[in-house]
Each structure stands twice: as structure tokens, then as C-alpha cells.
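Let me begin by presenting the structure, written as C-alpha cells, before commenting on it.
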Amino acid sequence: MMRRNVAIIGCGQTKHGRLRNVNTAEMISEAAWNAMEDAKVTPDEVDAIVVGNMQGFGGIYDTELWAGELFGAPKPFLRITTGGTTGGSVAHGGYYSVASGLHDVVLAVAWEKHSDSKERGATTGLAHVAMANMFHDLQQGASLKWLVSLVTGAAIGVSAFQASCYMYRSGCKVEHLDMVAAKDRRNAAKNEYAHLRWPNCTPEDIAKTEWVSYPLRFGHVCPASDGASAVVFAEEKIAKKKAERPAWIKSVAAYADEPNWLGENSQGTAITDLSEQLECIISAKEAYRRAGIKDPRKEIDMAEIYQPFPHQELMFSERLDLFDDGKAWIALEEGQTEIDGSMPLDPSGGVISTNAIGSSAMQRVLECALQIMGKAGKHQVPKDVKNAVAHGWGGSVNFTTVAVLGDSPRR
Amino acid sequence: MEKREVIKVTGLPIVAGFRWSVGKMMEKFIKSFADKKIIAAKCPKCGYTYVPPRSRCGKCYTKIEEKNLVELSGKGTLTGYTTAYVELDGKGIFLDLDNPKVIGAIKLDDSDSTIFMPLGEIDQKNVKEGIKVKVVWKEETKGEIADILYFKPAR
Amino acid sequence: MEEKQIKYKTEETIATEGEWPVGDYKYKAWKHHEEFKEGLKEKKIVGSICSGCGRVYVPPAYICGRCFRWMEERTIVSDRGIITSFVLSNPMKKGMKILGMDPVDMGIVADGEVLIPCMVKFDGSDSFVQTILLNVDPKDAKVGMRVQVVWAKEPKGQLSDIEGVEPIK
Amino acid sequence: MQRKIAIVGYAQTHHEADPPNTREGMVFEVAKGALDKAGITREAIDTVINVSSDYQDGRTISNLFLVMAEGAYLKDESKVEMDGAFGVLYAMMRILSGTHDTAMVVGVTQGSIFSPHQISFYTLDPTFDRQIGLLNDVAAAAIQARMYKNKYDVSDEQIAMVSVKNLVNATSNPYAHRRIPKPTVKKVLNSKLYYDPIRELNISPISDGACALILASEEKAKEITDAPVWVKGVGNCQDSYLRDRNLLKLESLETAAKKAYKMAGLKDPPTELDVAEVTERFSHEELMIYEALGLCKEGKGKILIETGVTERKGQTPVNPSGGALGADPVLATGLVRIVEAAKQIRGEAGKYQIQGVRQALAHGQTGLCAQSNIVFILGGER
């Protein structure tokens, strides 16, 4: 069958940070309107809207029922919500909406407003992922010491354990995590939409921050941001008419693994290495196959990786087949992953600098699109970006979204 | 098969709390309650008037700014209603009400939105679509949503 | 150092409040932990074994998603295994509040104690169990370390019967 | 549509108030059931769409724990957090794009663990309506029912007749939840009053339930089954928020239906549709649905119910399975409607089979007073 080509023709986002002068509806609509204006389309030209956020964080259920009119309702709406990968999944939904032939122009919007939660940071939402399990364990006579160890030791959830696994697997050291964090904070300083910006940040600066729980320091951890991002997808003819240099979606893939941490109500799962990330390996493989990419290391020019914690940038760059398993830290040491390196990773500063969870994986797609369209401004990578890969990660370390974007349609 | 029995798991008494920033338009709206005023946002293009105010017209997508805020009289027409014999307890249980409450759908004069507010000082028999109603404020208003007590028949 | 970081912030408007009573859900679960706890009473670690792929899940799981079938059989795995990952807490301090509790005051942990939450893969199982690494200097904690269960003196058939794990001497 | 798509397998649980089953158990039961029905194994599925709600399940990212039970291990997976029928739309998009050939959609809700009515309260504008604290899905529906009654002179008895029809139908559906012996108008009008004029038997029950459905592209469908049910048309639309919407009609449903009819090539839906399965959370809503679907003129829904047009023996039977008033596992309900419509086409509806069904409609909805609607047109012949 003939496949329909789909491109991103416009991107919009809010500044990220603590946005206490707008309500959620206004925040979402700002990003949506920025994207529509960038794409030079009006709501009347938009056929359908795909939305998503992580509902537990903002305390509102199906926010678009209330907020939809500010950016396009009445219209077909589709809500897609998959945890950390939500933004990536929403972008995939936007792609499929157009690729299906059911719609020609689709707006995809994703957001989070962490500051609406009374608890600090993202704890409300994150705790709720495990809440049902925790209640169950306590009812089954788990000790208070175990609970305290869970809450204090693993305050940042499963990621610290994952860092421990990854460091054992790859031989990388905490110093490498410091280097990743410093690089991303410097990149973020060039991105006016980023939440946490730290010009001239050095690994030594990061190393001076306190431990959250070893092996992760405060300097390694993402902030809890408010913000929204949006992109407009269009079919080939419209895309060519509306955009000078559209960012073509060559493929998307989002494979699910067994939950890596615990199963439903703390049943065992058959995974012991949190850094294996089989779902990412398969998603990447499928995405490259669908995009016609044979050698990602040669054909991919840059990547936006979902890395709320620095070991994840290294780990996922390997799972995305941009480096050998366990060897990304060597590329890091050689400066390959810098903004002017041979394989720039997260020139936007990534999730480690800006984490409005529901929007974060959408931001990766948006940032790749900006790089291809040449609209990334101060954090535009110096080399010509022909193909880019956008990654999202979430669930209980078992969901991955991958999108391959390019400067030309898939042949 | 008997192995697959099911138990119920109850939680700790934890409540997730939220505090939603209301944005500039809503802030004006709520704060003006202190002066016993109800304001609305009138679309500069199509004229549709939103109460509570919002920053973008849902009908023609025009941006609405603070200069487009208008003051309403606090009087309006009842366009629909229901008598509530139950109410949710916040945990999902419908509790019986000893004194049924009347909820009114009210279109305030010079506005196009419908707001859903309690009705008071009215006999249930007299609740009818089309009757005129007006806002009843707390004696001392502070600029918060609770300043509005209910709506009552206008005459 | 903090001052070098720029964090984006806006002025504040007023806020309205609301809640979500997450503690009021009445979840449903299998009795998998009942089976697990029965074993603990006799210092045994029970897992479920898939008749399709032979994987052993600890605590018992009911569905093997790989083979797409129920797991009816149960098996006992060793109480020895290896550390697959661990993290270190900051030293516990008096006055710390965790879920509204002061763990030092309550005698749950010692003042200055560093907790080592860890994941252990018991020999004969394909899962990890999250527990605490005990009786070891935090500096000596390592992934790959051989450990054994520290059992409660008198197991009562509850999850806390496994107090943690310690290095095998 | 750029590819033809068919329903090739399905399964649902027996919907109940509080069955001794877990979320995981229900999902596994229907996923396996749908595969068995289609006569294929998990390996034949390309992509899986989960339909569930974090608020309903009390777990953030609730779908992550269901990956294994729904057969999504190492599959291209996603989750739609609306009615299950929207999940089917997304699964269709994935097949239509040419990326996938087969898809499984699994929807699940356990009303027993937390009330969907409370969750409906969380959809309100948090800066105003949620603070006033009066509205929820039932209260909003009551205001709508009252407006509708007054505008079109509809009696409580006529509205109760919808409940009676669907509850009578539910008695012969083994999967239905609410089974009351010999439902009558009197029983409905004597049931507990919630928000006037809405009584207990005007409201859909709170159910635990799951439903799964397998879709396939034309080529795959023909390999899998001799009795594919083709998706001939689909349309969806979301209306404005409650405050700025005309509550007297379901405009977004009308838009959705028109789109679906056009795609399916229907010119005169009332005569061309042999049966409809719709999501009526409240009995008055079904009358409004008749109107929005174009089965009758505005305000004339009462005539269809009075004259028996939508009875099982009528010209256009609506909800022969008992509809949402018979069982409402919220996020799975629209999915169940599609399955019930497909069963009618395949002649597998048992005691409530309508004779000679060739074309059927299924409807799902999300939001207060049916704010977001989706319509499917299914057909048996090529």
C-alpha cells in the first residue's frame, strides 16, 4: 500500500519553570497557539487534536474537557497517556492521525503543571505510581525500616537503582555522570525555554552538590517544571506549502517491556538488570527499519534523549545504537556528545534541565524538529542535521518511544 | 483455580493536595467579589461574553484581554435546575441530604455562559425555568469564591 | 554555587485548592503474598514457575506475559543470591520526617545510620527482590556481591520476616 | 479509508458490581478470550492499545502494570485514556498508516475500587465549578434532563421507558450487570431519587468489567476469519465545556455521526441501520442520542420509545444488549458497544439476536453530558 508522508510544520512551547501566573488551560493554549502560529494554520484548518499529560500530577481529570475550547474545541480530541513517555506517545498519536489518512492537519499538545501539586517536586505523581503496591506491601506486614529505606534511599524512584546497574554494566564512574549533567546544564543555558539553566557549568560544580542517594547527586537530578509543548503535523502537500523546511517523521515505534521494577501489587517480574532496556533496543531497531535507516551511527546526526538522570543519556544512547553497549562514556570523554561534537546529545539541555513530565517526551520530538528546520536558535547544532532521533522513556522503566525525523520524506 | 482468590487492599489515609493557580483573568474575577462585583470577558470580535472570564474565545478563537472585561449586574435568568437529594462525600459515596438543595443553571444578564450555582430563599414549587434571579453575597466579602452564597428570585 | 543557576519563575496569582483521596481506593489483589508469607514462616522463599519458559518469579506472579498463560506451579528458591543493584541513603538524622514519622525517634533506624536499599536475585529465581543490605560497611557494598537472607528470629509469616540480606562470609 | 479494516475477535467479562477478580485477571481473561475467538496467538498481534484511567485505577501510569496481562510484552503499545471506542479509533489509525496489520484493544475499569461519579467531579474547571462543588456527572445530567423534558414536553414515564427497555434487554444478556426481574416503569419511578428527575434506575450501574477487541487489515482479516466485521465509517468530536454548550442537544455526537455516515456512504441512516448500540449513561440521554444520530427529529426521541421503534422488535433496535444502563464498566463501555454491534452482524448475539443485521452503529462517549463522542458504522458484507 501507499504510505502517507507526514511532517511537522510548526512547533510551540511555553517557557518552563514555575508558572504561577497562568492556569493549566492558559498554559496549554499558549503552547498550542505558538505551534499553530509557527505552522501558519488557524484552528479552523486543524482537523483534530491529540493531547496528553500525567493526570495524577495536576489533580485534574481529562483537562482538555475544560480547556479544549482555548485551542480548538469543538473538534475531534484524542487523549493518550502513557506515563513518562506521554509526550512521545502524544506525538506518535499525532503522526498516526495524519498517516492514517483520517486527518490532514493535526495538533498535538502535551503538558504538566507540577506546581499545582501541594507536595514538593514531582512526589505526588511519582509516589502514586507505587502507591497501590506500597499499600499492599504494608498490609502484608512489610517492616517500617523497609518502608523508610524505600522512601529515603530510593527517593528518586527506580532511577538510582538503574544508575547502579548501569555503572556496573558499563564501568562508568560518578565523574561521568557529573560530566553529562554539566554538559546538559550548559546546553540548557542556550535554550530560552529551559527551566534550569547554568552557564559555564563544570563537572566540578556538579560534584560539589550533595547526594540524593548514591550514586546520584542533587546536581544530577531534573527539576519539576511547569510547561507545555505542541507540534502541528501535516500531510505531504500541505506540509510543503506551509513550511519552508518541514521536519519529516520517518518513523515511530514504542515497544513495551515487562515492568522492570515490580509488577502489579508487588508480584515478581523476570527482569534483573534495569539497564538492559530491551524495549528501547527493539523500539530503536523497528524505528530505524521503518525509516529505512541502515547504519544509525552514520545516518543519525543528533539525538534528543529522555534523561531525567545523567546515566540515562549514556545508557539510552547505547540502546538507540548510537554507541556500543557500555561505551558511551568514552564518547562523552572524547567530547563527541557535545553540541559541536560528532553526535550531539540533548543540545536543548534535555529532561535533566526541564521536566514537565507529560510534555518532556514531546519536547524531544519538538527539539529534533527545530534542529532539522534550523529553528533551534542558540542551541542549533553547528552541523547540518539530516536525520535525528527523538526518544522518550517511562513507565516502570519499561516504556520507550522512538521517533526518527528527517529533512526529507521517507522514500 | 482456587489459588486465584482476591483480597482487598485499603490504603493509608493519604490525600493528594492541589493548589491550582487561577491565572490573571480568574484572579480579577475572584478578587472583584470583594466589591460584590461579577465580571465577565467579552470577546472583542464576536461579542460572546464568558463568565467566569477566559483568555481566548472558544467560538471565534480571538484573544481576550483584560481590557475586554465587563461588569455584570448580578442578575440573570434561570435556564435549568435540579433538586439534589444526595451529594458526594468526596470519597465517591452519595450521601442522602436531609434538606434537598436546588442547583440552578443561570444565564447572567449580558453574558452568554451558563453558570451552575446554588439557589436559595425559594420554595421548590416556585423553581421554574425563565424566572429572574440575582446573586446573594455574604455580608462581609473577602474576594474569594465563597463570597457568593447563592442566587435567589429577583422579585 | 546555587546562584549560578538560573531557574525560570513567574509572579503568582491566587490559587484554588482541592484534593484527591488516594487512600480511599479499595484495590483488589491476588493472594500471591499469602503464598509468599506461608513460605517465609518456614524460612523458605516461594516463587512461581512458568510451565512454558521455566522462568521463576519471586514473589509469585500469576501470569507469564511471555508465554501468555497462568502460572500454577510453585517452587522454592535459595535464600542466597547476588546483589544486582544498590543505593546509599544519606545518614539518618534525628528530626527527619519521613511520611510524617521520625524514624530515629521511633527506633526504626539508628542516628547516623546509612541505609543500603538493594535488589537481590536469589539463586534459582529470575526476579529481584527489593530489600536492605545489612551488616556491611557502605564503602564495601558492591553489585555482584554474594549475600544471604537475614531472617527474623521468629518468623511470623509476614514480609518483614526477611529483615534484609548480608554478605556470605 | 486508505485500507479496509475488520473486527476479527473479541471478548468481554461478565460485568458485575464487585466480582472476585483483579484488574490483571480481567484483562488477561478478555485478551486471551479475544485471541481464542479469532483463533490466533499473541504472536500474531502487532500493536496493543490499552484503555484505562489512572484516576479510575488509583495508580499513575496504570497501564504499565498491565503490559503482561494484555499481551503487550515487546509489542508496540500505547494507552488511550478515554472511552474504549476511542482506543479502537487509535488502533485503526495505526493499521491505516500501514505500520501495523493487526491490533488488540483492551479496556478495563473497576468501578468497585473507586466511584466513577467522584472522578467525574475531577473533570470540572478547578478554578470555579469544582470550588462551587455542586456538579458531578449525575447532577449535570439531571439539569440537562430537566431542560430537555421542559423544552420538548417529555414525561418521566417516557424517560423511564428507556430504562425499562434496556433493563428488559439486559435480562437476556449473560454479560450484563444490572439484572432486575421484570423491570417496569413503576419500578423505575419508585427507585431512589438522586437529582430530580434522575433516579437510581435512570443511571447506569457502577460495574467492574473488561473488554477486548482485535482489528486486522483486509489481507490479515481474510486469513484469520470467514466472518470479518468491517469498519465502514468512524467519526468523533468533542464539544465545548459545560458552561458554553447548548445542553439541549448533543451537537458533537451529531457531528461525529454525520462524519461516520458520510464515510460509510449512508444516505438515510434510520432505514439503513439495522441496529445501534449506544452509550447512554442516563436514560434521557438515549432519547437525545436518537436525535443526534438522526433517527428522528429534534425533540422527537420520545416518539421512538413510545412507538417501540427502538425495541428489539422495532425498526431500529437500540441497545438490544441492555446498553450502558445494563452494565457500565466506564472505560470499557464503548468497546462493549462495538463488540455487541459486531456480534449482531455475525449472528452471535444469542437470545438477543436481531434478525438479518447487515449494518450496525456503535457509540462511545467521554465527559459530562456526553461531551466527547465517537460513532462507528460496522458492516457484514463487503
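The letters A, B, C and D name the chains in turn, as written, and every chain counts its residues from 1.
Please note the rule applied: a residue touches a chain if its C-beta (ideal position, glycine included) is under 8 Å from a C-beta of that chain, and two chains touch if they have at least 3 such contacts.
Keep in mind that what you see is a predicted model, and the values were worked out from it rather than measured.
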Result of counting contacting C-beta pairs for A-D and B-C, higher pair: A-D
Whole-Å gap between the CA centroids of chain B and chain C: 46
Chain centre separation in whole Å, for chain D relative to chain A (CA means): 33
Averaged-CA centre spacing for the pair chain C and chain A, given as whole angstrom: 28
Centroid distance [mean C-alpha coordinates] between chain D and chain C, Å: 41
Touching two or more other chains - residue numbers and ranges from chain C: 12-13, 15-20, 22-30, 62, 65-66, 70
Where chain D touches two or more other chains at once, by residue number: 21-25, 55, 58, 67-69, 72-73, 114, 119, 122, 125-128, 131, 240-241, 244
Residues within chain B bordering two or more other chains: 4-6, 9-12, 14, 16-24, 26, 58, 90-92, 145
Graph class of chain-chain contacts, one of line, ring, star, complete, other: complete
Chain A partner contacts - residues on chain C that touch it in the complex: 1, 4-13, 15, 17-20, 22-23, 25, 27, 29-30, 32-33, 37, 47-48, 55-62, 65-66, 84-90, 92, 96, 98-99, 101, 103, 106, 108-109, 115-117, 119, 121, 125-132, 143-144, 156-160, 163
Of chain B, residues touching chain A in the complex: 9-12, 14, 16-24, 26, 54-56, 58, 61
For the chain D and chain A complex, residues of the former touching the latter: 1-3, 22-24, 48, 53-55, 57-61, 63-69, 72-82, 86, 89-90, 92-94, 96-99, 119-120, 122-127, 234-241, 244, 251-252, 255-256, 366-368, 371-372
Chain D to chain C touching residues, read off their complex: 21-25, 28, 32, 35, 41-42, 55, 58, 67-69, 71-73, 110, 112-114, 122, 126-128, 130-131
Chain D-touching residues of chain C, taken from the complex the two chains share: 16, 18, 20, 22, 24-30, 62-66, 68, 70
